[in-house]
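Chain lettering (A, B and C) follows the sequence in which the chains are written, and residue indices restart at 1 in each chain.
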C-alpha cells in the first residue's frame, strides 16, 4: 500500500530526449496504465521507476520517500516483464524464491509465502516444473507469482500480455485486474494496446513523443481527448477528422466538405475563419436523409456481423469511416450527418482540444 | 552489438579481465614484441655479441632460396590439403544429409576423428606406412612400388598432405552438415517443384547457399594447414628428408630451436604473423565479422 | 511410401567411415601381436585375444630414452594438462567476457582487442620468444609452464561474449530487481543458463589441451612432464628399434579419452563448435 509520485521525470540518451519531464501522482491502490505507441517513452518511464535506468532529471517518491537513486532491489517494487524473464534453469518454486533468498528470508517463511501465492494463482501443482515445461499462460502466472511473493509497495507491469494469444489475453487481463483489486497494490501498467488500457485502468496516461499527452479516467480520455493524437489513439476504429473553419463567432464550423455544423455546447475561442479540425468517432456519425446531410462516396464495406464498417471519401477528398448497425445500404454514394453533441473540436495548428468558453449545462458529468 | 542492460562498477570488471589480460600480455604480446625486436638484430657466430641490423634478416630471407622454396612448398601444401579435406567433407556431408537409415550412426562415425591429435595421426600412419613394418608399404612393395617416406622426398610430401587432409575431414564434415541443415526445407521443396533433381539441384540451389560455410572453411583449412600441422609433420619427418616437408612453421622451429639462428627465426615469425593477420582480416571482412560484430 | 534404400549414399558413407576406422583398427590389431611378428612386417588384421594384455602392460612401460617415465604417468600428465587448460580457459574467458559484455569501463575496447589479437598469435609462429619468456620466468619443466600460457583464449572469450550478448536484457533486469549483484548474477543465472555452451566449450578445449604437441616439446624437456602425445612420438623416433606393439597400444590408449569425450558429448560439441567458430 503506497503512493507514488513522479516529479519532472526526464530521460535523455545522448542527444535524444526520450522523456520530457513527466509529473504524475498515484493514490494508494490505484492502477494507472501508461499507453502509447512504440517509442513514446512509456517503457522508459517504467524502467526509471524500477530503477533500471537513471533519470536525467526529476524525482521519484514512493510513500513520500525519495527513491530516485536507490538500487532496484531496495525500492520495494516488483515487476512483471513482457517475456516474463523467468530464470530458465530454475523450477517455478526457485524462480519465486530467488529474490526472497537474496533478501535473507528464512526457508520456511519463503515456502509459506510461495505456497500462498501459488494457491492464489493456481500454480500449486506446477511448483516443481521448469519454465520450458509451462504454457504461455502458466509462465505469465509464474511471473505474477514472483512479483506477488515479494509483497511490494508497487507493481510494475511491462506489457505482460503481449506474448499471449488473443483469447487468453482477455482472460488474463481480467485476472490481473481482479488480483490487483484484491491485493490493493498500487500499480503502474505499460501497454500499447488501447483496449487493454481502457479496461484495466483506474486512470490512464497517454504518452506521445516523450510527453504525457493526457492523464485521466478512461472514459474521460475517451469522451474528451486532450488533442488530436489522443483522439486518434484511443478508440477503435479511430476517430475521423475533417478540416473546417470556425464561423458565427465560434458557435459553428463550416466543413471543407461542404456543410456547416453547429457547436451547441458553447462557442470556441478564436476569430471567424480560424482553421480548426472537427473530429467524430465512426460509431457516432449517422446515415441520414436530412437536408444538412453530406455525401460520402463508398470505397469499401467491411461487414462485422452485427455491424458494418463503411470506408469512403467526403466531397473534399478526405477519408471518412462510418460504423453502422446492420448491413450497409447498397449505394455507391450515401448521405451522412454528424450529430452536434458528438463533435470534438481541435485547433488545426496545435492539435489541442478547444473547449467551449462557457460550458453548456447539458455536458455529461465526468465520473 | 552491445547490451542495453549493464552492471555498474569500474573496479570489478577490471579485476575480471585481469587474469586473461595478464596471461595474454605475458605469453602473447610480450613474445610477439620480442619476435619483432629480435627480427631486426643479428647475433654473431659465437653468440657473444648482438647488433641491430635493421631489415637485414628480412632481406636475407627474401633472397634465400631455401625460404622461397619453403614458401612455395607451404602454398602447395595448403591448397592441396584444403581442397582434399573440404571436398571429402562436403561429399560425406551431402550424403549424410540424405534421409537414409543409420544417419545418426554415420555422423558419429565421421565426427569422432576430430578428437585425434595431429601428432597421433602421423603416428598411426607410421604404423601403416613405415618402410619395414607398414601394412600398406608391404602391399605397395608387392605391386612393385617402393614406398619410403624417410628417404623419398616426393613421397614424404604426398604423405603429409594425405595425413593432414585425413585429419581435417571430420571438421569440414561437421560444418557442412550444419550448413546443409540450415538450408531451408522450403527452398529445397521449391527447387524440387521447379523440377531440379539430383546434382543439378545441388549445384544450382544448395551449393550457392553453402557459400558462407565454404568460404569460412577455406580460411580455417588454410590456417590449419599452414600452422596447426606442425605436430603432424614434425612427428612424421621433422621436415625431411632434406627439406622435402619443411613448411614455414617447421622451418621456424628448425632454424630457431635446432640451428639457433634467432634473428632469422624471429624474422620468419614476424612474416607468419603478417600472414595470419591477413587471413584473419579476410575472414572477418568476408564472413560478416561473425566473431566481433 | 516405401523406397528402395539409397545404396549410393550407404556406399560412400561406409567408405568414408572405413577410411577413418581402418588405420585405427590396424593399430589396435597390431598392438595385440608379438613384436617379432610386427618387425617382420607381418601385421594381421585379426587381433590376438591373448595379446590384449598389452594394453595393461603398456601402461607401465616407459620411454627409456627420456628417463623411463611410464605411460600411465604420461596419461596422467595429459589428463591434468587437458583438464587444467579446459577449466582454466573457461574460467578466465567467462570472467573476461562477462566484464566486456556487462560493464562499461575505461579501456574496455582495448582489453577486447588485446584478447582478440591472441587469435593471430598461435604458439607455432612465436616459438623462440615464447620459450625465452618461459625460461625468464623459470617455467620450463613445470606444470604451470605447461598449462598457463595456453590458458589465454580469444576463441573462448569471443564465444562467451557471443553467448552473453544473447541473454535477454529482461533476465538481467529481473535478477537486479531480485537483488542479485553482478557476481551473484554471474554464478546463479549466467553460468547455469549458458550450460550447454559451457559443455561444448569444455569438449573443444579438453581436446585442444590433450592434443598439444609443440608446447610440451618445448617445455617438458626432462621427461617428467611428458604428455602421452609427446611420449608416443618420441617412442617411435629413438635410435633403437621401437617396441611396436607397445607403441601401438599406447596410441590406442592416447586416443580413448578425447574420442570418448567427443562421442559422449557429440550433440553439444557439434553445436558449440559450429557456433564458436562462426
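Here is the rule we go by: contacts are C-beta pairs under 8 Å (C-beta built on N, C-alpha and C of every residue); 3 or more make two chains touch, one makes a residue touch a chain.
Values in this document were obtained by computation on a predicted structure and should not be read as measured data.
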Practice task
Among all other chains, pick the one whose mean CA position is farthest from the mean CA position of chain B.
Solution key: A
Exercise for the section: Could you tell me between which two chains the number of C-beta pairs in contact is largest? Expected result: B-C
Handout entry: chain A and chain C, separation of their C-alpha mean positions in angstrom
Key = 58
Handout entry: Where chain B and chain C are represented by their mean Cα positions, the distance between them in whole Å
Key = 16
Handout entry: Separation of chain A from chain B, taking each centre as the mean of its C-alpha atoms, in whole Å
Key = 60
Exercise for the section: Could you check chain A for residues that touch two or more other chains and list them? Expected result: 52
Practice task
Find every residue in chain B that makes contact with two or more other chains and list them.
Solution key: 5
Fill in the blank from the handout: The positions of chain C in contact with two or more other chains are 173, 176
Completion exercise
Touching chain C in the complex, chain A uses residues 47, 50-52, 72-74, 77-79, 81-89, 98-99, 102-103, 146
Fill in the blank from the handout: Within their complex, chain C touches chain B through residues 5-6, 8-10, 12-13, 16-17, 19-21, 23-24, 26-27, 30, 38-39, 41, 43, 91-93, 95-96, 98-106, 108, 111, 114-122, 124-133, 137, 148-149, 151-152, 157-158, 162, 164-165, 169, 172-173, 176, 181-183, 185, 207, 210-214, 217-218, 229-230, 232-233, 236-237, 244, 247-248, 251, 254-255, 258-259, 261-263, 266, 270, 273-274, 277-278
Problem - chain B residues within the chain C interface of the complex - result: 1-10, 12-14, 16-17, 19-21, 23-35, 38, 88, 91-92, 95-96, 98-101, 106, 108-120, 122-128, 132-135, 137-138, 166, 169-170, 174-175, 177-178, 216, 220, 227-228, 230-231, 234-235, 238, 249, 252-253, 256-257, 262, 265-266, 269, 272-273, 276-277, 280, 287, 290-292
Exercise for the section: Using the touch rule from the top, collect the residues of chain C that touch chain A in their complex. Expected result: 168, 170-171, 173-180, 184, 188-189, 192-193, 195
